[in-house]
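Both complexes below contain subunit A, partnered by subunit B and then by subunit C.
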Partner chain A sequence: MTTHAVATPADRPKGWSREAMSAPPGSGGQTGVARSAHLGDAALGWACRLSAAIVFLMLISLIAVLVHSAWPAIRQFGFGFLVSTEWRVNELERPMRDATGQVVLIDGEPVMETLAPAFGALPVIWGTAVSSVIALVIAVPISLSAAIFLVRVAPKLRIAGAASFLIEFLAAVPSLAFGIWALFVLAPLFQKYVGPFLQRVLEPIPGFRWMFYETVTVAGRNIERPIPLTGRDLFTGSLILAIMILPIITSVSRDVLKSVPRTQIEGTLALGATWWQSCVAMLRYGRSGLLGAIMLGLARAAGETMAVTMVIGNNSQISPSPFAPAQTMASVLANEFAEASEGLHRAALLYVALILLTMSLVFNVVARRLVVGGISPTGSH
Partner chain B sequence: MPGSFAEFRRRSISSIMFGLCAGGAALIVAILLLVIGYLVWIGVASLSWEFLTSVPTGDVAHPGGMRHAIDGTIILVALASAVGVPIGVLAGIYLSEYPGEHVVTNPLRFIADVLAGVPSIVVGILGYELVVVPVSRWTQSSVSFSGYAGAAALAFIMIPIVARTTEEMLRLVPKTFREGSLALGATRAQTIFRVVLPGAFGGVATGIMLAMGRIAGETAPLLFTALGSRLLTHNPAEPFPSLTLQIYTYATGPYPEQKRLAWAGILVLLFMLFVVNLSIRLVASRHARFRVGV
Partner chain C sequence: MKSGLIGAVASIAIGGFSVASYPGEIRLSGAGATFPAPLYTRWVSEYQRAHPSVKIDYRSIGSGGGVKALADKTVAFGATDAPLNEKEIAAMGGTDAVVQFPATLGAVVPAYNLPGVKEPLHFTGAVLVDIYLGRISSWDDAQLQKLNPDVKLPKTPITPAFRTDGSGTTHVFTSYLGTQSPVFKAEIGVGKQVKWPLGQGGKGNEGVAAVIQQTVGSIGYIEHNYAIANKISFGAVQNKVGKFVLANAESVSAAGDETSGELRGDILRADAWNAPGEKAYPISAFTYIVLYKHLENIKTQAEAEALLGYLRWTLGPGQKLSEAMYYSPLSEKVRSAALGALNSVTHDGKPVLVQP
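Take a look at the complex of A and B:
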């Protein structure tokens, strides 16, 4: 074992080990040295317990503060908040319409109605869920194949170390860097080339029209109009999310696959399995851990803020089209929390934060249970 | 049966899947090189001595530099580490070295894991509600965004990461070392500081640096706590600049010259993180004996 100079607390007397050794066990408090050693023990124990208490307090304060600050919105909207689609920050005044869509007139003047501010989380929950799922659909096959490559092939080529370093560095790149790249490279690319290309190819095919047209209600009538391809939409947001969750899914799956016993692989090969068939056996053996890796990716995608905020278009609406701007829970917080004055708007945003927290807690807890079930908790292999 | 069609089929499927797996790995590396390469390429073109040494001028055509933001990030990370590292390491020691108190340590481990997964924007909002709002109420000012609030939010992110990595690294030190030390008459504190911590030094340091790198790149927790500033300030009681906040403001703003600065800022940030990651590799390989996958 290599020893390294670690700053020892200054209050510890020199040569403590010899004296402590000569003191018989249980004679604590007999000599000055032994007493100070026991004091050190107690101090360390309480310092550790204090730190542990702080960690407990962190979780309690997180939940308590969010619930307390979101309480006005929770009381007003209840669980209906989760399924309501209205997100109206300010009062809205508009001409009243009757059931047929005609403006109600009295003496030739339209009757105005005032809509109170209303808040519902369904659009942002929708945006979070759809963008995360698209991101997973793109990222999981790439990540799993890369993980197999890292475990089965890279060591033979002696590039496992370099490849792992690259993936870990990718994981360390801040989300802001991905956001800027997506904003200045990916979004214009989609606006100019990819979007129009997809539209040209997919639009004539029946059943794809909904991707490029939206139905809006203007003056009581439904109008179908093309969705402008801006490059800042749900699809670009999902794509950058996919890129950002590649490293976490890859590195956790790599660890899970690495922990598959060698005998399992050798057994399948001895029975005449091809390379791929033995990989399938490996994937099956580690399936709960791999599911955990995917859940971790999902949790990461759902909570990701900066990159998504920069490219998703930030429009709280539910559109079936991936080329329409959307909004996620994290991005609505980043966009609106600064402007939210006191009152219901802020409480509603805190309610959103509470939902986001709950969701990511559930994903993380399930994921960790699955991964820990698959590999040893200390990660040694 | 060799030579049969079924045999041919399963062998070709295997080859195809091998190719796809290699393709997946190559794709990830290609994406990394594409993203990083582009950022570095544009960033280097935008980087200048002025960027590192001067502060914003207020003139959108000649926006100056980001000295204030670089200083701000360093101070924020230092403040957060000053709080987060001791608490995190001590909590990690508690998790690993006090197994007798497993009634507490088991839930604590779970909570640390859960906290590590909290979205950073939620931490930012907590910082606003827990630090900024009460301080404003106390000082009776309108809103007191401050560097301290930002550092508190960053420490919140740091503590669970440091605690869990410290615990895992300490667990790799063989139990016999502790028994040997205790058998020689050393106390628990002496054993921990003289035997266990030095044995896991590389791993613990790696975890700390990993957490520092992580918080240096965070933007979301600072949006509503440190707020950002265009002034060169070293007083954390004021609204405080950070590299990430300044980059975000410039990148989403309308002025091309400021966007150029945002690219340069990203390059500086990436360079800082690369240095951190590389030193992690070096520290970890020098202490390879107790290393696990970082």
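Take a look at the complex of A and C:
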């Protein structure tokens, strides 16, 4: 993250292109070959600029289209959208209740209120955030260990190439395949063995009851009921996310660790560090790059759609229990977009998409900066 | 999800390769409801066998999509499970511009996964409401046990399953539950997509079917034909006169017949859920075809004639296919009301002659 490290890669292409573009073509005693080479350079330079501009314009227009289509929801709900838990597609007419849950009566008759459709994204933001964080907690230690293995152990065993290939291949598996696997293998396994086991062991321990019970509010009254342990819940969703972000975190971390100069590692060893201590030193040396790798994993976890939709249970509720069904921003889009014909409903979904895009953009930008800072050698080459 | 993708690819492929049409060939397209799609697809292929010059393309994009496509005039007819509402009728030019008629009947069944339970369980509307509101949370609940005295119900927690996408199935199921409980109507409401307070969501009938098949102790609402095709057990539901009735062609048709008195004018609608009558299955519903009354979206007289020819055929010989595909044929009363509505269709100001 040091400033000159960030500046280096940005400077290099700029210097290169300035050189190519600013030389006056055909000036002085140049040969024809040189002149056409200059023309070629100029053409390539402009083609590159144009392509870069197209990519940039695409992003801008994507944001513009999302803001435009989400505008009715943005205008109606504003930033309150981010903290509201209401997601009601239909109008509801129901008896008004006071703060204590009592129906408000006038002359013995309940006062009716009409609730217009309302949309709030907090449950799906919650689902996305919690599932991503759990996925990171599971995936990061495994990924870092795997990366250390690839850099420090695998070359000695002569399997570095094969192991790296396998991990990168894992990244190429379509997410739908992971989802189907989770649905048919992971979920039944959890329902049959893991869930009942956890409940038997944890529930009697004071302080763990909340994991296995949920409170449903019906007509102003709270009903506590056991959460059916089905294996289609926030936890399984997070588990499949962890598996899906493992390869990306591992392969980026591997590249970061590979770029740690040998002299650094040899230096620690020469000072009497154990193998383990030298690994820690290596991790510390590349920490901003590793942080970037983790952020890339987080960005992928937040945006992952189909696999999560298949196993997360698709119920937008904020429950403290990891065994309750949940919903993420990406999965609510996958579920509801096709049939969302009402204007405000569609706009609300696009508002969710806009939040998701903004979040991914921020993650990616931060990750890029960190990775760039992490790989760049700090004056050791 | 997968079939949707394949469908999309296939429709692009078909669209791409069959642009060339020979003179005299007529192409018509319809779009909408997914629930009757298996039947509609079968209708099209049967009709085309007898009428090779007419090519009909039905895309099941959802009820909302079908109504929108018709309003945009990109299809000849639309299909919807929920009858048109006032806003949708206005978008198409008002009550004088639209014709809507029932094409077939379907049923929504409470399907469940309880290994070891062989007999179809008995449900009442009130019990289904309590399950979906979380008031009944275990299969050995006293209320359920009382309805099924001969069955030993296990102490398994109940996982209610529901549709996450907007759908006619949810519309029918919530409409029925709304007639059973004012609390349900007030708290959850009635519509194509509602907010369920608990349970697991699945996308499409196949999504809910998957939740049920995978989760011991689950109960969900799916179309009758999906329950049959996936061999999922489903229960009998108590109807308005107190009889427990299983969904089948006869009981669903009976529900449609009992409510046929509501069919009026050229925008026909009748709510077949909670119908009176001994035989009527209570969670039944019509699914509708909608088209423009003056066919302003159709260019030639020949196309108009072909469209009407096809739609009349579905109400005639086509009805025989209903039962084979686990839908329920329309009764004679409903059929004649539907044909009456179709007769009002004109093109270029003239009634449309129908090809033999």
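Keep this in mind: the second predicted complex is superposed on the first by the 304 of 381 C-alpha atoms of A that agree within 3 Å, B and C clash if a C-alpha of one lies under 4 Å from a C-alpha of the other, contacts with A are read in each partner's own complex, and residues count from 1 in each chain.
The rule is simple: a residue touches a chain if its C-beta (ideal position, glycine included) is under 8 Å from a C-beta of that chain, and two chains touch if they have at least 3 such contacts.
Since this is a predicted model, take the numbers as computed values, not measurements.
Enquirer: Considering only the touch criterion stated at the top, classify A:176 as touching first (subunit B), second (subunit C), both, or neither.
Expert: both
Enquirer: After lining up the shared chain so the two structures overlap, which partner does A:239 touch, if you call subunit B first and subunit C second: first, second, both or neither?
Expert: It touches nothing on subunit B or subunit C.
Enquirer: So, A:249: does it touch subunit B (first), subunit C (second), both, or neither?
Expert: It touches nothing on subunit B or subunit C.
Enquirer: For A:163, decide between first (touching subunit B), second (touching subunit C), both and neither.
Expert: Touch partner of A:163: subunit B, not subunit C.
Enquirer: State whether A:338 touches subunit B only (first), subunit C only (second), both chains, or neither.
Expert: Both partners.
Enquirer: Looking at A:306, would you say it contacts subunit B, subunit C, both, or neither? Reply first, second, both or neither.
Expert: both
Enquirer: Where does A:295 make contact in the superposed view: on subunit B (first), on subunit C (second), on both, or on neither?
Expert: neither
Enquirer: Per the contact definition in the header, classify A:371: touching subunit B only (first), subunit C only (second), both, or neither.
Expert: Neither subunit B nor subunit C is touched by A:371.
Enquirer: Given the superposition on chain A, which partner contacts more residues in subunit A: subunit B or subunit C?
Expert: If we count touched residues of subunit A for both partners, the winner is B.
Enquirer: When the two structures are overlaid on chain A, which partner does A:217 contact: first (subunit B), second (subunit C), both, or neither?
Expert: In the superposed model, A:217 contacts subunit C only, not subunit B.
Enquirer: Which residues form the common part of the subunit A surface touched by subunit B and by subunit C?
Expert: Overlap of subunit B and subunit C footprints on subunit A: residues 176, 183-184, 306, 334, 338.
Enquirer: Which positions of subunit A touch subunit C when the two form their complex?
Expert: 87-95, 176, 183-184, 187-188, 191, 214, 216-219, 223, 225-228, 230-232, 306, 309, 313-317, 325, 327, 334-336, 338-341
Enquirer: Which residues, counting only subunit A, touch subunit B once they are in their complex?
Expert: Spelled out, the residues of subunit A in touch with subunit B are 1-4, 6, 8-9, 12, 16-17, 20-23, 25, 37-38, 40-41, 43-45, 47-52, 54-56, 58-59, 61-62, 65-66, 69, 141-146, 148-150, 152-154, 163-170, 172-181, 183-185, 243, 246-247, 250-251, 255, 274-277, 279, 296, 299, 302-306, 310, 330, 333-334, 337-338, 349-350, 353, 356-357, 360-361, 363-365, 368, 377-380.
Enquirer: Would you pull the subunit C residues touching subunit A in the complex into a rising list?
Expert: 1-2, 61-65, 67-68, 133-135, 137-138, 157-159, 164-167, 183, 186-187, 189-203, 210-211, 214-218
Enquirer: Under the stated contact criterion, what part of subunit B meets subunit A in this complex?
Expert: Contacts found on subunit B: 10-11, 13-14, 17-18, 20-25, 27-29, 31-32, 35-36, 38-39, 86-88, 90-91, 93-95, 97-98, 104-105, 108, 110-122, 125-126, 128-130, 156, 159-160, 163, 168, 171-172, 177, 184-190, 192-194, 197-199, 201, 210, 213-214, 216-220, 223-224, 244, 247-248, 251-252, 259, 262-263, 266, 269-270, 273-274, 276-277, 281, 287, 289, 292-294.
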